[in-house]
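Note that chain A is present in both complexes that follow, paired respectively with chain B and with chain C.
== the complex of A and B ==
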């Protein structure tokens, strides 16, 4: 006990110190979103003359009006593309993951090897720097007359997000107790009905996690629409914000409002369903534990 | 499994196959001279590789990409580990989750929006330098030659939460009785952190390292937004460079850079996938 004298001296002081560290870290992590919110309500002159970390009065909505005029169309375009992209990626990914799960649990070693190969492909699709494959994809889309069309965009997004859906759903389907699937098979249920009546309901929290993870990731994707959207009227919101920067410190007064408009949907989803998003991230690595 | 449920896997196979096709496409055209000057691609062997990788822009981009990835892996792991250690010491579950969410939320904001906000925060007069000045601290020129370090700072803010989650998950998997026994023996939290938590977080380290590398190696949006376009001497990365080459119709050269990027990523993804398969699919 003697050797611990200095540390044991002030348990209260230690607890206070820990809280101070936590508060400082929280403040640092919240500065950007704090700046985003307070500066969005500044008038066009206040935003360039006042300090970025100090709120000013009166609150004005002119920046929001300006940003909204540019971004309301892209916001709708994003919604009408990203909702189907995330649902399809998750659902079709889950179907593939169910089949892969069967392969990797098979007693036939050839099926297991096949399952492992497909799984590496899926991981490749999830983690590869997708930007490095976009030139061929854009040229392919152009040759199919799909470049810039809704269908072409949907196909392109699925190319990169369906593997993510399959990978994450593999994690969540792997923990579905196999006796449930075996019991349904003994009852003569088809794979189709096992998937819908056993696997999907049991892995529903995982399904929601995957859906939310893919929604937020694909919503924020900047490079795909930068290359693949050729028509200004089908611009997506993630790329629309670039009209509010000139780079290297060139400032546009509505850029905070633009950042808010681009990020409020993912942020609201995170505030209310954050634990699903976190489970989605964990599934990228550790198999859904914790 | 050889029945009609094979239909289930068709979409996954189709899109994975498409991706392989795109990678091979790049490989094929990287051996040609296709560009705006040579509209009909002709096979030239390694000539385009030679002209591309000896250009100073390529070397700068490669060095920047590696610098970003290496610093991100080292600093991201350290910050993630420390944050996880701090969170693990919090007894109240709801308090811990609330603070954890604050470290994770940057992952949900697009890098483009982050870039816009940080352009203002890095402003020398009205940004954070104003506070640093009040505190008589040095006021860096965030957006000058050292832009790349400013970009890394933004990425650390955005991605440290990722690393933290995997370390925290590792800590949570440690048998509680070991930690309790150490407390009873009179060990303090710092000692437990060093002697029990860190040695038992190998899984967290591997996942966090692989993901930090892959996420930072493919960074594109931040340099693009912060410097206002695809080409900039101080913050060029392999991915902004390949976009610039594609955008200005140097197709074969862009394919060369793409092929190199994919090769580097594959060297990380394939072992990681094979290793991860045990956890992902077999639940070990």
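== the complex of A and C ==
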């Protein structure tokens, strides 16, 4: 009676259906990237006269050249800021997460309560929209005479991304089997050597996932540098791409080229470290063994 | 080496709705250099007791002393596990997956900041003893179960621990490997004369390694003694079952010629019963498989005849035939005996037992003394 309500599919039909869904999703994701790349190769006129999804000949590199000239400075600025930000956020976050983990495992109930309180604060630090606290932060930086300086930027980014690192890493460290930590303790290891020799290597996929996540998030962050960077020469790439969009007109081909250049580094990182990203996610389901 | 005292240790696991008493006022003394076993069913608190001794958990109340020095007391750890010099072999071995076998074994030595050549020498020495020298460069995932276990044992022993703790160390090995692993551990224990604590649900582990053992049931020590003592004189039927195979049956105390005997169908068992036991009381009796025989003969040296039984089924395991029999007039009662030959179903044979070995349990499961007098 009820069983005829649904159409039953054979295994081949099911597989084909799955593939079709995947292909559709891939197309949806790839179309903007495709448009971004081909439109960067169009001339200034072609980009407004031709259809967005159809490439035109001849290919011109002028837009890329133009974008590169503007962006090479910001690109370097971004790299020199975002690389330390993501490494420090993830590493210090991992250290903090290990400490939190130790607190929540403590035999002393007061430490466990303290651990939970800190964890809530860390989560709050991650989930409060940074736009809400950006102005007070800018004022704080100004009063410290750090506004616009490299150190001030680094500190500001860490304020927002360190809690993220701690939160993500505490999820990954929680799945490191507790018997490994106990074995290391019985083997006489100090907390630092347990962290460096056991916890960090075992949660490495999670560490790299967190690193990638923070890198991409902070690389793409637009609002932070918009407010906190006061000197044009220390402009970051996420703000730099805006250069081609002005009040009087938009250089579409250069905008597209700039977008390609700006997303190149995160893309490369994801391609090379993406397998760790997947493994990190998988590790959550398998007790850290992936 | 170190002696271990456990005094009035109670462990309560608190949760919102109920408190679970994992250990209930445990008192133990493990002598220096002794191999001590803790046996019990799962959930009895064996692992909790072991973890409290190792310092991985705290007693809710009571204290643990190493050489008369308090290491844990009333919910506090006074000497942390890393300072207790304990070598532990975990149930799943807990090898560091990111380190080679060599580095796994060297790990405790590196924490002691020993010079590199001494580490190398010590690791190689212990690897030699354990026969794993050829796999030192392998990662744990590249080792067989037996090799992983040996690496875990090597890691536990390499630092010359004061106490060696083994948590169900053989349960992850296949049967063929288990016996040689037990022999190896016993040999090492004797060689290093290290105070050893072995926790297992398998009595074979305790028999092969421990010189004294405690049977833990529901968080309480039910019996303390040498494994063979516990095997021969268990305080309860549950303990009897925990430390080995036992053939059990129910019977009624009856008087025959002025002597109290146990009647089980047409079978008559003649233990010497305490006077306090009343006639027509229903009791359980137990006999170790080696104390029961069935044969067609009417007499058997050293054995007493209980009566005639009928063979129900013969099965084979571990080199002997297990023959399930029932008293002639009572099919519901099932007993078994081991035999070196299979027997035909329906065959009527005599059941013999060793009179001095029969154990009698009252309904409350506790043994009534069966002292040999007659």
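Rule of thumb we're sticking to: the second predicted complex is superposed on the first by the 240 of 290 C-alpha atoms of A that agree within 3 Å, B and C clash if a C-alpha of one lies under 4 Å from a C-alpha of the other, contacts with A are read in each partner's own complex, and residues count from 1 in each chain.
Heads up, the rule we're going with is that a contact is a pair of C-beta atoms (placed from the backbone, for glycine too) under 8 Å apart; a residue touches a chain by one contact, two chains touch by 3 or more.
Since we're looking at a predicted model, the values are computed, not measured.
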For chain A, which side has the bigger count of touched residues, chain B or chain C? B
Which partner does A:180 contact after superposing on A: first (chain B), second (chain C), both, neither? second
After superposition on the shared chain, which partner residues are touched by A:106: those of chain B (first), chain C (second), both, or neither? first
So, does A:46 touch the first partner chain B, the second partner chain C, both, or neither? neither
Identify the partner contact of A:124: answer first if only chain B is touched, second if only chain C is, both if each is, neither if none is. first
Once the structures are superposed on A, label A:238 by its partner contacts, choosing first (chain B), second (chain C), both or neither. first
Who does A:188 touch here: chain B (first), chain C (second), both, or neither? second
First, second, both or neither for A:198, with chain B first and chain C second: second
Starting from the residues of chain A touching chain B, keep only those that also touch chain C in the other complex, and list them. 190, 289
Tell me, which parts of chain B touch chain A in their complex? 1, 3-6, 8-9, 11-13, 15-23, 25-26, 29, 83, 86, 89, 97, 99-124, 126-128, 130-131, 143, 147, 157, 162, 165-166, 168-170, 172-173, 186, 188, 203-204, 207-208, 210-211, 214, 217-218, 220-221, 224-229, 232, 239, 242-243, 246, 251, 254-255, 257-259, 261-262, 265-266, 268-270, 272-274, 276-277, 279-283
Tell me, which parts of chain A touch chain C in their complex? 107, 177, 179-180, 182-190, 193, 197-198, 201-202, 204, 289
Any idea which chain A residues touch chain B in the complex? 1, 4, 7, 18, 21-22, 25-26, 28-33, 35-36, 39, 48-53, 92-93, 95-104, 106, 111, 115-116, 118-125, 127-137, 140, 158-160, 162-163, 166-167, 170-171, 174-175, 190-192, 195, 216, 219-220, 222-223, 227, 238-239, 241-242, 244-251, 255-256, 258-259, 262-263, 266-267, 269-270, 274-275, 277-278, 281-287, 289-290
For the chain C and chain A complex, residues of the former touching the latter: 54-58, 75-77, 80-88, 90, 92, 94, 96-99, 107-108, 111-112, 155, 159
